[in-house]
Amino acid sequence: MAEAVAARAEKAVPRAPVLRGRHDFPEISGRISAIVLQGRLPRFFWAAFFVCFAFVLLFLYSITYLISVGVGAYGINIPVAWGTMISSFVWWIGIGHAGTLISAVLLLLRQPWRASINRFAEAMTLFAVAMAGLYPILHLGRPWFFYWLLPLPNTHMHWPQWRSPLVWDFAAIATYATVSLLFWYMGLLPDLGVLRDRAKSRPAQLFYGILALGWRGSAFHWARYRTVYFLMAALATPLVVSVHSIVALDFTFAITPGYHSTIFPPYFVAGALLSGFAMVLTIAIPLRWAFAVEDLITLRHMENAAKLMIAAGMIVIYGYASEAFFAWYSGQPYERAMMAQRAVGPYAPLFWIMLFCNCIVLQLLWLRSVRLNMPILFSIALIINVGMWLERYVIVVTGPSRDYLPSSWGEQSLTWLDFGILFGSLGTFFALVFLFIRILPAITIFEVEELIEEKSGAA
Amino acid sequence: MSVIADIKPFPAADLAALRRAATGREPWRSLDELADTAEFRRFVEEEFPAIAERLPLSLDRRTLLKLMGASLSLAGLTACSEAERIVPYVHQPENVVPGKPLYYATALSSDGYGIGAVVESHEGRPTKVEGNPDHPASRGATDAIMQAAVLSLFDPERSRTPLKQGEPASYGDFLKDMAKLAGGLAASGGQGLALLIEATTSPTTKAQIGSLKQRYPRLRVYRHDPLAASANEQATAKLFGRPLTPIYHFDRADVVVSFDADFLGEEPGRLAYARDFARRRRVRQSTDTMSRLYVVESTPTITGAAADHRGAVKPSAVEGVAVAIKAALEGGLHAASLSPPSLEWTHALVDDLRIAGRNALVVPGPHQTPFVHALAFAMNARLGAVGNTLDFIEPPDAMPIDGDLAALCQAITTGSVDSAMVLGPNPLRTAPSDLDVRKAFSKLELLVHWGLYRDETAFLAQWHIPAAHELENWSDIRAYDGTVSIVQPLIQPLFGGKSLPQLLAVLGGEFNADMQALVRATWAAMDEAGWRKALRDGVVPNSASAPVAVSMPADIGAPKPHASVADRLEVRFVADPWLRDGRNANSPWLQELPRPLSKLVWGNAAVVSPATAQRLGLENGQVVNLGRGGKDIDAPVWIMPGQPDDTVTLSLGFGRKIGSVAALAGGYDGFALRTTDAPWFADSLMLTARDSSARVVTTQHHQAMEGRAIVRYATLDAFRQNPHFVREGVPPAPTESLYPDWKYDQEAWGMSIDLSACIGCMACVSACQAENNIATVGPDEAALGHEMHWLRIDRYYAGAVDDPDILFQPVPCMHCEKAPCEVVCPVNATIHTHDGLNAQVYNRCIGTRYCSQNCPYKVRRFNFLEYQEFDKDSAGPQQAVHNPDVTVRSRGVMEKCSYCVQRIVEKRIRAQIENREIADGEVVTACQQACPTQAITFGDLNRKGSGVAREKAAPHNYALLEELNTRPRTTYLGKITNPNGLIAGKPGTETGNG
Amino acid sequence: MSLHGVIAAFADPNALTQAARAMRDKGYRRMDAFSPFEVRGLAEILGMPRTRLPWTVLGGGIAGGLLVYALILYSVEIDYPVNVGGRPLHSWPPFTVIAFEAAILGAALAGFVGMLRANGLPRYYHPVFNAKTFTYAQGGKFYLLVEAADPRYRKGVTKGQLTRLGAETVEEVEA
Amino acid sequence: MQIGEGMPQVFSSNANGIARFVLWGLCFFAIFVAIGGTALLRSGFITGVGRPVAQAVPFSHKHHVGDIGLDCRYCHNGVETSASAGLPPTEVCMTCHSQIFTNADMLAPVRASLASGQPLQWQRVNSVPDFVYFNHSIHIAKGVACETCHGDVDDMPLMHRAHSLSMEWCLGCHRDPGPNLRPPQDVFLLHWKPPQDIEEVRGSLISILDIHPETMTDCYVCHR
């Protein structure tokens, strides 16, 4: 089976190969673990890291300010009582999807090209979910009571209100975070073994050794490991879909015009993939160049990611279209008015920029030349990231700002805090990515070796 | 915080213990049983040590917000905190049971006229003003300003001590100086002394001034009240030989014509008038009849909004219209008809008047010319209305007056007056701009000022004496119809203020006269029992003035010819509905209460019509420079549909920077352009647009209904053809739900709001704020859309923009049976109760704001920041105004209309103790109680024949957005108007659904 | 000091697989193999029974789901029934959403813990690490370990057999 | 590098034992924290049950109620009519103490209070948060006795909490008031001995007093 795939991979000219050049096992494990163990990282790496760290500080400051002064400090009001905290939350969750999708779904589909990018894609997922997890708490008027969403044995005899999508959210995010963590850690186990054995310094040996749980590559272990890893992938896949569907239900469940729409779940999932893969590219393109691993993370990976982006993107575009169509077709004056206001109302500029980013720019990816041109691909990825954030913001604010009673129509105006928190979390996210690259193997050693084995086996 | 830091902690007769719910309304009793005991005084000190301190005038904004809404009770951590202190009385005053409020009848002054009130007092702490049902001017209703009286009582910036040359001095020293003065006066017969009073109807004051004048023959008394209008006095004096005051009986009027008279919003009798007017417009079935109201007005008012036919004309044109109508009435209308209004309009109106005959009523606007009054009275006389819908009485506010402010200044400059006592008014601020009061007053050898605040005049005065607040005061006051009420104190003067009678007594040589004794003396004829009854009931029986018979002279004179300069703008001055002449400028409740039509808060604007704005290329908020008579001001523009073209309406009362709350507000000072000759309107206003713009804060940004069936309205004829017009052309209400119906087998609380009755006066909103401890947020927060009112009155325009229908719709929480807000709350913070209330549990709320997102009516309000201070020690004196039966909400918590659940619970507990059902009408919500037109009905839907059940049975009962199937418990009765079919083109002559 | 067994290093997976099969045919039972990545089929050759981990995962899922649904049901029906927006007490559609998430969580945890248990991890000290020749990390080497406890184990003989099967190195491992 | 150069055995032979110990330890610790926390919330540490509160005047309910046998209402006279039971004004203390113990030191503050008119300051013992609205009169009227919530005050030299007054505790009775009911005339009795037929009595009380437990757990019953 696997051989067959690999063979196909070979046959498929002009497709770029999954790996370029001939490799052998020691060379691979050496090169990859060297990034971590020798820790000889280029100067720009640290430069970039400290830039991010500045944003981490901004993040901390903003959060402190928000909690001590109150949510009134950022741009929410009545009627638009939700703002960037929610849109950024949805955006981060979206980004958190590509990782699991790549590793889980592609694993189930036995896609060999997954191997060299799944590790950092999963890491990206974890960090994105961590960021996303913060937002709902920062969103609260009384953040210190967020644990009331949990069924705890308390003295006021109260339970969560299970019918509220926010509670589903809580369950979904918590589950998703845990499962992604387990999945990621399981994937790491064998490589941690490698690092343990390759580590020279005692602390490093202990650090990786403890994490490796004494992994020694026994055949029996491998067999069970494989079984569970596949099962987890099988679990993660429906989970991914459910998580973003539930996030979409936060809106769908409400009767507010612009929220109340059945198309949301699928189209949010697609949107998640779009933004997720955009973020994968945003990270992978600099990474492969910086660490000179173009031969491991090849153009093939980039191209496939781009193709998936356009696939997801087209679904999203369909989502936009059907949203508008059904607003009109429903004949509901409220839906119609809201949709019209979206196009011409106070938030129209954001709406049109969003359409430009997610619909027009996306089309470039049809061109192979574009898909294979890293600078352009990179900038497209960035543009789509922006577009997807705007999409979420437009959805969050336009509905309530133009809902049922014109007397209470109104807009919210963003403050520095909205941006402080958004960019702060971006900085924190990338800082975490940098740390991860520094202390853990960003490329799965054992799977790459497996690939080589399969290649040589097929040859 | 520094301000409050130095305030002692609250030992207080333990607010925590005494805070709890009250059980029931005691018969109102006179406070003297209690008020004057030393215990009481000490008790007050115990309770409000903060009040004894002196606050600096400069407060930073956060402190200010806290002061504005500081609280007695904290929703929060006390749960796990250590034991708090609790303090009993030393001698418990009889009839005070801690935890049970007492109710006292008194009267509050509105432009000098009394409106009866019943004030709720918790352990000697006045917390809420209600109307006095036995009082003719109140009939149980209140207006927005009365509600705010309790807040101004505790205003930390009230004047706290006598000042001599601006330095704190003792009242004793003042008395010494006065003794000297009095000595001199006795010799000179009052030579050189002048009193300046404001409009008042107090018999005691009148008597005291009378006796002073006997004692000092040369004493001069002047009156200055910037909001008093003299036209009626002049007109009646000319017509009948002596000044008389008209009072109207709208309950008898079939057809009412108003010449620029805002009798629902401005006149001293407005609450009674509104009640009578609404009674004639109560339609429940097709056989019911309605009165008809024509309004010709020079700036949009709530009276105009209530009109069936409204003509907007320049202020100066009203006279012309009146002339034309009178001519038509006498059959002599020549083609010299004016437009607007059109000839046909005039004829239709006149026909109506003729048909109505003695049941017609023509009301002249107090601000209009004496001739307009003459015309109006003549028409009434001709129609036979005098004695039926219109009565004349002796002016309740008649005082032995020697002249007005101008005369005083004149006297000062000529040197015939060298010392003056300014008792109440603040001439330095409210004088016409062509009168240099400062110059005149600085000539005085002695200037004594008596007032609530250390205002502009006080700064100039040698002596400033703090006045007692009307809730600290013994006095008496007449209502619009002459009925006398005794004003009794709810609390001993917090800052040692003195009453007006006391000051007058000082002049008379009584240096430590007792407040009560002075008033009692006026009513010496009354025996003790009668006195107590008068205090208990809040009215002196049979004290209303009897109507006097008048004979209308044939010749009513001719209009004063005035050359109106065609190409110039006219200016119309109106008092701000809440701040009046600026006396209430330091009240955050009133500053933040949206103006009925513009919905502006924390500032005023120059109002222009859309057409004029277009002609001059103006837009909302754009700053314009307005010049007149050499003076000029900058003001932001506000474009208001229904405003007559080429007329700029300026309001008085803003632009005042003394007092830190007032300083927060924006707006301009309208007095700057006001002159002696033209106090209410004038022409030749110069307007130059500037290219800057100023912030104008409004609580409603969108004015049209977007073709949605929100306010459903129809004409009386349309209603008769189809009583169910509210169902016309709207999506049918869903009849079934996916979810099983819940049983509400005990009470099922519900509310019905009659849109025909609602006149948009905002009393309900103010009452709601007072009852439910609703925070004020200040202009900056309000501008962000963070205002907190639980109940709002939406104002929509329909029809032509130059002559629109103006529709009001009060929107409280709908208490939906299928509440969208509840399902989405993740922590059960808002859930349903067995009697169908949509309960909001503040202490459970974590502030996801999902409920607000999912509320189609957007009635939920959120504490975006910490608007109220919880720490009893650091919260300012104004925490004393809080209703102890309602939790004060913390930052980050959602809140909304609770149907005044604290009142429901109070009544239920009472009923359960007595082991009976809650009677219909026993539970009254704050908004319902305040409403002058009884537009709001509340009660138990399960009870057969309950008031609310009957209202909801009316054919034109409908629920807002009922197609959403949220099953609201609050429903509306569609608005029914009664326009004259002969007048075409009036929007609303067909049924309208937005 | 006691002997744990002998470990032989082979150049590539196939060599290892053949060697393992051969030794198995020779009747060795207590063997283990080590490789930097999974060598398919090796475990079966070494006689590993079919793993029951899938059942563990399924069990975890069902347990998680049912438990949470039961909790919800108890809270809304028995412990504190309240009228929320006029919805029925037992609103199953929303409840299933949460139960589903819980099921996934249960399954994943069960799988992970089950895998560790079945593999006897964590096991930080293991004799095989004593072997000079053994290193998991290098990659490129594939090891077969025959335990001294194996009844067929004969010091010299076993070593010889392994060498004959093409082992690059054969070394004794201390326990 | 050559095979075997690496010395892979990182951990000593007892590492496995330690690992196992740590893992199990963590599990048990988690369980312990969960159970402990739940218990702690309800313990006297948090609720203050049974902890006497020092007072400026060491007033003894044991003496006044237990020994002398004063009726609760002698001092707490608002209890039947008002939300708050009320505290005795100083003059009430002095009705007796102007006759007896007239110059006992411990009563000095009381005399001082009467003289100066400055109220006595007590430490609140049975307090609920400010967002909880408790009404004494309705409980008295519906046959919930003083001792049901306040315990045997005649055994309290210094006042202390008899119950946690937590929402859990309140709800316990609001969900099923029956067991805590007694004929309203008996509510002021301490150590009340229920009659034999108490069950029927309670049953009938529920209907006679028109008590609706299903409505007594509505939020606004306590929170407004």
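Structure notes:
Every chain is named by a letter (A, B, C and D) in the order it is written, and numbering of its residues begins at 1.
By our rule, contacts are C-beta pairs under 8 Å (C-beta built on N, C-alpha and C of every residue); 3 or more make two chains touch, one makes a residue touch a chain.
This one's a predicted model, so the numbers in the text were calculated from it and none came from an experiment.
Every chain gets a centre from its CA atoms, and the centre nearest the mean of all protein CA atoms is that of B. A comparison of the B-D and B-C interfaces places the larger number of contacting C-beta pairs at B-D.
The geometric centre of chain B is 47 Å away from that of chain D, both derived from CA atoms.
Inter-chain centre distance (chain B to chain C, centres taken as mean C-alpha positions): 80 Å.
Centres computed as Cα averages put chain A at a distance of 30 Å from chain C. Distance from the chain C centre to the chain D centre is 56 Å, each centre being the mean of its Cα atoms.
Shared contact sites, meaning residues of chain A that touch two or more other chains, fall at 156-159, 161, 163, 167, 196-198, 209, 214. Chain contacts: chain B has residues 820, 822-823, 825, 828, 831, 833-834, 844 touching two or more partner chains.
For chain C, residues that reach two or more other chains under the stated contact definition are 80, 82, 84-85, 87, 122-125, 129, 135-138. If the chains shown are joined wherever they touch, the resulting network links each chain directly to all the rest.
Interface of chain C with chain A (complex): residues 13, 32-39, 42-44, 46, 48, 51, 53-54, 57, 61, 71-72, 75-76, 79-80, 84-85, 87, 91, 94-95, 97-98, 100-102, 104-105, 107-109, 111-112, 114-116, 118-119, 121-126, 128-129, 135-140.
Remark: chain B residues 737, 739-742, 816-823, 825, 828, 831-834, 967 touch chain C in the complex.
If you check the complex, the residues on chain C that touch chain B are 82-88. Interface of chain A with chain D (complex): residues 153-157, 196-198, 205-206, 209, 214. On chain B, the positions that touch chain D within their shared complex are 11, 13-14, 16-23, 38-39, 42, 46, 73-80, 83-92, 97-100, 746, 831, 833-835, 837, 839, 841-844, 885-887, 898, 901-902, 904-905, 909, 912-913, 915.
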